[in-house]
Amino acid sequence: MLWFESDYTVGAHPAVLAALVATNGENLASYGADVYTLRAKEKIRAACGGRGEVYLLAGGTQTNMLTISAMLASHEGVIAAETGHVASHEAGAIEHTGHKVLTLPHSEGKISAAQVDAFVEAFYADPVYAHMVHPGMVYISQPTEYGTLYSLAELEALRAVCDRRGLPLYCDGARLGYALACPENDVSMADLARLCDAFYIGGTKVGALCGEALVFREGAAPRAFLTYTKQEGAMLCKGRLTGVQFDALFTDGLYEKIGSVAIGCAAALRRALREKGYAEHIAAPTNQIFVRMTREKYEQLRPSVAFSFWEPLDAEMCVVRFVTSWATRPEDVEQLCALL
Amino acid sequence: MLWFESDYTVGAHPAVLAALVATNGENLASYGADVYTLRAKEKIRAACGGRGEVYLLAGGTQTNMLTISAMLASHEGVIAAETGHVASHEAGAIEHTGHKVLTLPHSEGKISAAQVDAFVEAFYADPVYAHMVHPGMVYISQPTEYGTLYSLAELEALRAVCDRRGLPLYCDGARLGYALACPENDVSMADLARLCDAFYIGGTKVGALCGEALVFREGAAPRAFLTYTKQEGAMLCKGRLTGVQFDALFTDGLYEKIGSVAIGCAAALRRALREKGYAEHIAAPTNQIFVRMTREKYEQLRPSVAFSFWEPLDAEMCVVRFVTSWATRPEDVEQLCALL
Amino acid sequence: MLWFESDYTVGAHPAVLAALVATNGENLASYGADVYTLRAKEKIRAACGGRGEVYLLAGGTQTNMLTISAMLASHEGVIAAETGHVASHEAGAIEHTGHKVLTLPHSEGKISAAQVDAFVEAFYADPVYAHMVHPGMVYISQPTEYGTLYSLAELEALRAVCDRRGLPLYCDGARLGYALACPENDVSMADLARLCDAFYIGGTKVGALCGEALVFREGAAPRAFLTYTKQEGAMLCKGRLTGVQFDALFTDGLYEKIGSVAIGCAAALRRALREKGYAEHIAAPTNQIFVRMTREKYEQLRPSVAFSFWEPLDAEMCVVRFVTSWATRPEDVEQLCALL
Amino acid sequence: MLWFESDYTVGAHPAVLAALVATNGENLASYGADVYTLRAKEKIRAACGGRGEVYLLAGGTQTNMLTISAMLASHEGVIAAETGHVASHEAGAIEHTGHKVLTLPHSEGKISAAQVDAFVEAFYADPVYAHMVHPGMVYISQPTEYGTLYSLAELEALRAVCDRRGLPLYCDGARLGYALACPENDVSMADLARLCDAFYIGGTKVGALCGEALVFREGAAPRAFLTYTKQEGAMLCKGRLTGVQFDALFTDGLYEKIGSVAIGCAAALRRALREKGYAEHIAAPTNQIFVRMTREKYEQLRPSVAFSFWEPLDAEMCVVRFVTSWATRPEDVEQLCALL
């Protein structure tokens, strides 16, 4: 079976696993006070331009709900694309913390500075706005749920609107490693740290067994955030589990390497698909490839390839998704291409 | 340094780690649908007498808050010993889900059937009880936070009161492995499964890197509990992480072995302490030992032994805690004894 | 000034006020145990066909949030028209209780049985539905926020879908009195009681100073709902305040009379508007009239008529809203007509 | 029947009722924007020394839960006497908003500055305090649930500790009018406004049909608090209901007069009880009188006097409570005395 279903079907990157094995026997402080966690945080701060407050958490939905609920006042909601992960695929985690997701139409997974500005303008123009959920922050993802990227110019425009409107900006980087490795990308990790009030560096989908590194702008972390993570059941007793993994991911450029491998494979696959005449459904440069395919071909590939049916198009055609990761090998791509 | 500080300072038991390594490269289904998770659940069901609904979660506070909030109606609170973990050391996680912890005085960490009965009796005898938080379930821990054990008779009495009063019974088994291995213990895992509406089998403190196995009585799991775990940010994307570990813990009697090693070491240490004239502060048979010690001795041991100051007694004496685990070696105990 | 702004700008209907005055000096039981509250509940039950469990609350948003949150499990959301009051004008009260509002496109404020059915069908057809908020109940309003009415056939179709899909049906009757009095209406209070799992009979907008009467289907009230109202700060100490008012509203057909006066005035105004060539923007038969008007005319009327600018149409035209109530007098309508 | 059961068994004070009647026919702005609400707020500000931000709410539990939840961060709890209304008789409303009530032992309903200081000191001295609910504010009541009073010196000491510890101070004044009228009292409304970050002036138990006036220190009201009240279902559509009542209560010294009448009657009753040999159970100077009585006498009085059994003392004796209010007449006290 060829695996192109997602970037989280294999365990940890071998170097991450090796770090877990190497440190397993050591007696370490618990609840995130161990040396590996401290070291990982320092390395992440360095990658963020030397500033920022870092917290390690176990998963993406957890990180989103904790961050968003800690940054919003009770009467506020979070602005997001209607396709944003928080809007659709987190089982109402944001609402469960008491906050509405204020959705905007998306453009290939993205929302624009102009959209945010217009939404806020219209909100306060409504004479009964005091009876409605106030816009309290902006949520974006890089790459988006559709694999697309915000350019630096787009991000800076969003930041400018957020400044003008008094809204914090938060970026979900569940697959950030795959954005950073794209030739088309012009947004560095330091840019995100500079332009966002908070963002997270995805681990689970980028080589870790579990774990996301949440970075607040220096001085902007909510008070007693550590206690809040405990209160939400998100503080790991053996904090070493995420500490050791992120220490490894930020050693010897591993996080970048993981991204490069996946993006290299995705580029090769994209080329092959284009050559074979498949139309790309969404022009996304990262490790998710959305193409149009006949339903017949889809059924034909299924026994030998693990990949996703995305949505139906018409009686004959559908959209499918292929995903590469650090675990994808060039020969996997070649074998898949031979079957296309 | 000799480590007797807690049972979660080392990583995973070697057999658990080996299982993670062995399966790391496999492509597996995500969100808990992988074969190891399914197998782990089957093994746990078998250990519970062939019945029950099993969920794997990442940590103890998370498991407590999810279970308790899912089992209570809004107007209900959970009865617990004032020393119960949910009452004091979970950063208000239970209250954060909207529920009051209704505390009862403890007797070496335990509450009795008679206490629960009297509390409920008094509650409904109060003419304004409709203005107060209703007792909605009972929380106990086995072993307790003080390392003590409920006997089978005590548990059956609690069950009988719960039946009579219409209250579900929930048991926190964060250190369950150490209870099961005690010669003094007469409560099996199957007994817990039979007598509780829900209980959890601790992994984090019993040889896993992370993970707790929550068991609901057959048919008693809250509706759509899986979605609820997602909503609370508690569903691991790579469910294999807990699945593989619990599969290993329930293979070849590993969970029992882990308990036995720790209890063996604890018994040896307890004997040595007694012989040297230390008075046990709490008569606890599990892997936590609470003894009285001069402050001078405490200070003298600190540079070479990692253990806990528990509470002051008077100007001269204090209570300290030693904890053993699967990672404690007989020679560690011997070396500690030599220093006492 | 002629008042057509809303149906809540005047105090209580004189008969309601008289009842408050007449009973003011009596010593009565508190927290809703007084004779007037009990009598009001009995009269409401009678009006509902002799069945149902009645609770008196202070306001509409309060009633909606209490009812919806008490009827939903944590992982569930409420299906509503995107124009539903709970979706837009309650400051996120539903989300604040932890639940998402699952919005459907509206047709003049209404949603259809077919829409609900298709939504639920599509939801469970999605292979990742376990990661999404489950549809847990259906919210409608009678009359709707646009003043339109569900017919008995439409309501019965919704009920049938709800039965098939296992969803409770809840109806917001903030302006119910004005629906009941319409010649076009074929849904009685007893029909609502029969077809809904819960609905409320609006008092605040129908002659009371405050108060809504929530009716659960017999046996369907959430456990300890009274305690839940206390927990949400919604239990009035002097329950007589709502009890006396609803007792008056349900005496000598007052609730019907209030509706008739308002609907009579609305019909007269609607006729006059039609004769003068104003186009009705929404074909609504109740006490809210939405018509198209030049902006010039709107500005001209403002100094002498209190009414609402609803939305702009184009550079020249806009939509305005006139509302009648029990306090509207025929001469008010005549004077307004003279100005049109 | 003689009524000494509570201060909320009668409707509104005649002057308050008269104001409702007089204004009933006026068309007024809704949601608290009416002239009476604005006027009431100005009068209350004046009574508070000319500063403060005033909100009118419907009831005491509602006011407590809104204020406390809006002032606390998620990881914080509220310090209160174990006898505090929020700790025991509000159905877990505080916990329902996600916050633990951190109870201290009481001394006749009061807590001291020293107790609060010691609690906070001990909290931060605990090395695992990050795993526990942080003290976030202090709740007191004036008069207390036992009818006792904080002296100005006690209040100033609490304020000093709160300043030193960075804790807001909140005072529940459900029966404030009865405190202010006591000869023993040396704390004015302006003192409360100066020393508390927030406090509320009780209306429901002091002559209103419903309503409490919440006063935040100038500039200290939570952002968008009005929207928050809407979100919690606490914003009355016809805000005039509380506006007109508080306007009346703060006109011509009515609030003071109400207090004086009740305290005058209470003093007379207290004297009579003392003369007849009844021992006061709690030395409380306000409108609640707790005395010891034989059970026989209690049973003998019941058919002709409405008053409360408070708690049993022994086989023969019990504690009972008599409450006076603005509606108590001298002849009621005389008749009661004749029966004692």
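By written order: A, B, C and D. Residues from 1 in each chain.
Rule of thumb we're sticking to: a residue touches a chain if its C-beta (ideal position, glycine included) is under 8 Å from a C-beta of that chain, and two chains touch if they have at least 3 such contacts.
Everything numeric here is computed off the predicted structure, so don't read it as measured data.
Between the contact lists of chain A and chain B, the overlap consists of C, D. Summarising the inter-chain layout, the chain whose CA centre lies farthest from the centre of chain A is D. Computed centre separation for the pair chain C/chain D is 34 angstrom, with centres defined by C-alpha atoms. If each chain is reduced to the centroid of its CA atoms, chain A and chain C end up 43 Å from each other. The centroid of the Cα atoms in chain B and the matching centroid in chain C are 50 Å apart.
Contact of a single residue of chain C with at least two other chains is seen at positions 74-75, 90-92, 96, 130-132, 227-228, 230-231. Chain D makes touch with chain C in their complex at residues 1, 3, 5-6, 8-12, 14, 17, 20-21, 23-30, 58-66, 90-93, 96, 204-205, 209-210, 227-228, 230-238, 240-241, 306, 327.
Residues 74-75, 77, 88-92, 95-101, 128, 130-133 of chain B touch chain D in their complex. Against chain D, in their complex, chain A makes its touches with residues 31, 69-70, 73-76, 130-132, 134, 222-224, 226-228, 230-231.
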